[in-house]
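Here's the structure, in structure tokens; my notes come after.
Chain nomenclature is as follows: A, B, C and D, assigned in order of appearance, with residue numbering initiated at 1 for each chain independently.
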Amino acid sequence: MSFNTYGTLFRVTTWGESHGPAIGCVVDGTPPGIALSEADIQVWLDKRKPGTSKYVTQRREPDRVTILSGTFEGRTTGTPISLLIRNEDARSKDYSDIADKFRPGHADYTYWKKYGLRDYRGGGRPSARETAMRVAAGAIARKILGRRVSIRGAMVQMGTQAIDRAKWDWKETAKNPFWCPDAGAAKAWESYLDAVRKRGSSVGAVIEVVASGVPAGLGAPVYGKLDVDLAAAMMGINAVKGVEIGDGMAVAGLSGEDNADEIRMRGGKVRFLSNHAGGILGGISTGQDVVARFAVKPTSSIAIPRRTITTGGKNTTIATKGRHDPCVGIRAVPVGEAMMACVLADHLLRHRGQCG
Amino acid sequence: MSFNTYGTLFRVTTWGESHGPAIGCVVDGTPPGIALSEADIQVWLDKRKPGTSKYVTQRREPDRVTILSGTFEGRTTGTPISLLIRNEDARSKDYSDIADKFRPGHADYTYWKKYGLRDYRGGGRPSARETAMRVAAGAIARKILGRRVSIRGAMVQMGTQAIDRAKWDWKETAKNPFWCPDAGAAKAWESYLDAVRKRGSSVGAVIEVVASGVPAGLGAPVYGKLDVDLAAAMMGINAVKGVEIGDGMAVAGLSGEDNADEIRMRGGKVRFLSNHAGGILGGISTGQDVVARFAVKPTSSIAIPRRTITTGGKNTTIATKGRHDPCVGIRAVPVGEAMMACVLADHLLRHRGQCG
Amino acid sequence: MSFNTYGTLFRVTTWGESHGPAIGCVVDGTPPGIALSEADIQVWLDKRKPGTSKYVTQRREPDRVTILSGTFEGRTTGTPISLLIRNEDARSKDYSDIADKFRPGHADYTYWKKYGLRDYRGGGRPSARETAMRVAAGAIARKILGRRVSIRGAMVQMGTQAIDRAKWDWKETAKNPFWCPDAGAAKAWESYLDAVRKRGSSVGAVIEVVASGVPAGLGAPVYGKLDVDLAAAMMGINAVKGVEIGDGMAVAGLSGEDNADEIRMRGGKVRFLSNHAGGILGGISTGQDVVARFAVKPTSSIAIPRRTITTGGKNTTIATKGRHDPCVGIRAVPVGEAMMACVLADHLLRHRGQCG
Amino acid sequence: MSFNTYGTLFRVTTWGESHGPAIGCVVDGTPPGIALSEADIQVWLDKRKPGTSKYVTQRREPDRVTILSGTFEGRTTGTPISLLIRNEDARSKDYSDIADKFRPGHADYTYWKKYGLRDYRGGGRPSARETAMRVAAGAIARKILGRRVSIRGAMVQMGTQAIDRAKWDWKETAKNPFWCPDAGAAKAWESYLDAVRKRGSSVGAVIEVVASGVPAGLGAPVYGKLDVDLAAAMMGINAVKGVEIGDGMAVAGLSGEDNADEIRMRGGKVRFLSNHAGGILGGISTGQDVVARFAVKPTSSIAIPRRTITTGGKNTTIATKGRHDPCVGIRAVPVGEAMMACVLADHLLRHRGQCG
């Protein structure tokens, strides 16, 4: 990943700011002949769309995607696919009270230091709005992977509240606004997050993304490892501060014998007896589920006042009002799925290139 | 990072297997005119060298580096620097007892699935031996960064035993074989690791790398984020399964107000009152310490027997004997430092390219 | 250059087909703070625009560019600049007579072999229409290079008719529809091209692009040579079959003493006495004019019938009617200028990155 | 191509200077399981080797290649292949007479301007010696392409003396020291070049490289065109100033009807009736012979004195003595073949990646 482009053979370049006329992406390297319509992409965008519950930002964006190139008669041509979403709710809000204040935890200070510019209107380029285009690109990546590979995400921790993994049921993720796989936790999170929101605070989250059906052999040694690219992809999602593969940080506390995923033949097939490795050994997929996890920090824009400075170098405080999520991690679930899909699609093509 | 090459402007390509005649790397994009001798590189290699204590592998490698190109009269020329280390202790061991068995937790199964080949002699390309070249490249990266930037690593957890962060003293890291910054923990770890080793087991670790003096403004939006490249760099180190920036996975449990790194003017300078963000906001450095952490899994090659299969598809067990580390994380400390240096050097040049 | 993206630090990704709803590009890596408006880009697009004389295609495209991202208050922000041009004259022509015939000299056969698809509507992705976005990107590249660097193109040969280089006057290029620097040749070409057009034929051309004011030191050794990137950039323009730097193919016939660009000190400055090298030695600019030349083949779509086959594998003939240029090389002049600008801008940033 | 690395999936990184201890390259991305020995590479190096006739430099280099990684039991493993050649004849010559003089036509002036350094010992990085590693990499590329693809090069013009193409016989290229396919021309060139050498001058050349058996469909649109990469590859060879595909610069003078390569079905197969396009349309291979041509300038180091300046800015003259080629183009023939092989191998893997 470099600059605003992701990938080696399956390549995604995104562009756009939260308060400009539109956002978009160019998806290059897609194999030809794949059935692809705007509806195929829209279904995933709708999953991520803001304004769908009281727990996510009330900004109203239809987020309707248009395909501007790269398909002919409903199939990919192998040339770049240009996708565009108009920003329809980028209303000219009154930002005068925060226009010259840096928001702690937000990128405005660092952008100002790097580029010498200040777009006071809102998130600008580092806005989470950019992630809509990752979801769109992920929809195409899923088409490349085909039905054999299934990619699903879930929130496994909200703030200090973790799920009970023994109660994991993928079907539950579609039944609550949190993508929570544990029905009991989902219920408890409602009042928990309500309280967070009411006191003007926000809360972080841990998201887990699981890809099933990934063939063994994807990835490469050293700097092209599958987990390297997954770590980069997940860390690149807004507000992410930690990434884990398989048992993640917890491997430090395991003994060698407990960490070893033992292997047996079962009915003529290779079977691993556990999956501490998250489906990746030496940077290459084992054929097991590929498991990635990432932590999203609490939304930086909160109503509780925080100490900060102005662009002119004066001490002040800031309290943000407006359309913001008490737990930005909720919307990160479909984004995490999309990045998993993009990484796997790129590695599938790269593997096919080198190994046939 | 792609394939066996890391970086955009500062580019490192490594090659070599643990049991081949040599390992090496090509470092491209180094600015011209930098004083560089073999001794400048050797000092860092010596820190990583196996065989320095009873806690690391007893393989005896002098790991003496040779510069084959890219310098003239003691200075870099701006052309590729080729570094080479001979494998002097790659003795022809008897591998017949494990030649056809897959080692659980090791890359031999996935390499076999991907490439259809089996180098039974040892680690091959995914061997930790490759990381010597990262350390060598890191030595050059440090030269690019200059004295203003200081990069230090420490082991903050061995197995289940974490340090007491209140007792952190960088000077301690040079006084024990674990790079441990807490003198008390270092003492306790000696007997802890001895016990692990004696029972034929192994143990994981958590490493923390801190870069001080990094100017604000390094990094880029979206896919070129500084933390994206750090995550990729750290996850690419052998046996790493989790990467954290700043508070890492723990941000999930923080409230928005606690996570916000508040800002004040102090003596005419910008001062952050905390560093939950690990010195990076929106993918760009803030000017604070850049803090990365990663978890290394326990060594896969252990004396305790584990169930596995043969290349012929028969159930069996495996118990590894030979030169191996009870805690491979120890040797990962200088490697983590080196990867931090490489990432920062690349971003320094990239920033200078775009922003002057 | 790879896929649909050009460049290392200054990166241009283009997308779009001649008969889709729009074409566009994403320009990444632009330094921040550069004044940039749509008018700055439009002026160069207007130079290239079809329909400006009877010698170029009569397709009527206003080619009005819109900036969708990457600027704020009239200045570049350092984030990706997305540019879009609607295809307004992509009328639904009747292609039934050629829908299943391959056009000799055209890309439809190879696209069909590679991608298994056939977009019978027109040029598709390989259409010269894509070059509008190169011109747009080139406008931004010129802004990066600043006023010190001037880039000018000229047609030096049309069909078999070369200019008299002794009569070269840059001012003439703006006074005739051919960008011809020799007033006499320009006059003669009018009737020459009229005759070509009337007999339903077409003719090739040679274009020369000269960049003045390029500082010494741009470029790099071996695979990053300035002339390597210029050769790639020019060869990538539609219908180009040959590229020359300086004396080009004619260097074969020179003696070593004639080819040597001798050097003298003049008024305290380094002066080359000739420029056979086209301003590039060892892949790095000398500070002289950078001179590139390329040959454009005659338009493949002509009224004179040619033998070909159908997609079903039957022998047939084809004669193209419709909106086409008798000398597609005319429109290649602004495109060649733009590619020169893109190459130099990328190398300027890369040089600044490595050498400060 | 960027910096010292060529390619996207098949990647070659070269390093080394003419007067350092060694030169080498790292070849990454090679498919696994290909039989590869040092002899497979040596055979091509021997073709290029200096000192084989009185017409090429009398520097005596055995140019014996060593494989340091990437193979196991005689087959490629899919990991990076490191190749090394010792510089055995880099004797410490007396350069004092030219140490502070810039050689016209040579890269020493531009390297000095870019990097601020002067390696007075000889060619340094831009030395033609680097091309030995291209030949070595090309040998591996040929293995990837397999026996179906045959790549052959020939010198078609020496100085002002062109061959008679009607007398082209590939077998002749092995029978004279010039790779000349026209026996009559080869004979005439002997005395021609002798005269050039005796008067202390040098002469340029045109080389043609033809790849037969290339499948249709290799290449990609716009910036990933096969001819773009060929142009870059050939222009990157030392002293090359012009590159042509098919009819090259001569297409300018062709009419549309003459330039069109007409198509017929013959015995159920597609047959082109001519090959003006050099086997590439729209950047993608047609299945015909791929034909590239390039012009090499006369050797810059000649005995005839030329005017130049010193590093201190004083006017002077220079006349080079020592081991140099009167026609450096001779040694460029195997290099051109190698670059053709590298480009095709990379595109073969890329095509397989995207299109399966």
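The rule we apply is simple: a residue touches a chain if its C-beta (ideal position, glycine included) is under 8 Å from a C-beta of that chain, and two chains touch if they have at least 3 such contacts.
In this text the structure is predicted, and so the values were computed from the model without any measurement.
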Which chain maximises the distance between its CA centroid and that of chain B? C
Count the touching C-beta pairs: is C-D or A-C ahead? C-D
Averaged-CA centre spacing for the pair chain C and chain B, given as whole angstrom: 46
Need the CA-centroid distance for the pair chain C / chain D, whole Å please. 26
Inter-centroid spacing, chain C versus chain A (mean Cα positions, whole Å): 39
If a residue has to touch 2 or more other chains to count, which residues of chain D qualify? 3-5, 8, 14, 29, 32, 78-79, 114-115, 125, 221, 355
Which stretch or stretches of chain D touch chain B in the complex? 3-5, 11, 13-17, 20-24, 26, 28-29, 32-33, 66, 68-70, 72, 75, 77-82, 84, 114-117, 119, 124-125
Looking at the complex, which residues from chain A come into contact with chain D? 8-9, 29-32, 78-79, 221, 349-350, 352-356
Please give the residue numbers of chain A that touch chain B in the complex, ascending. 1-6, 8, 14, 102, 104-111, 113-115, 125-126, 130, 157-160, 196, 201-206, 216-225, 227-232, 234-236, 241-257, 259-265, 268, 270, 273, 276-278, 280-287, 295-300, 302, 304, 306-309, 313-315, 329, 351, 355
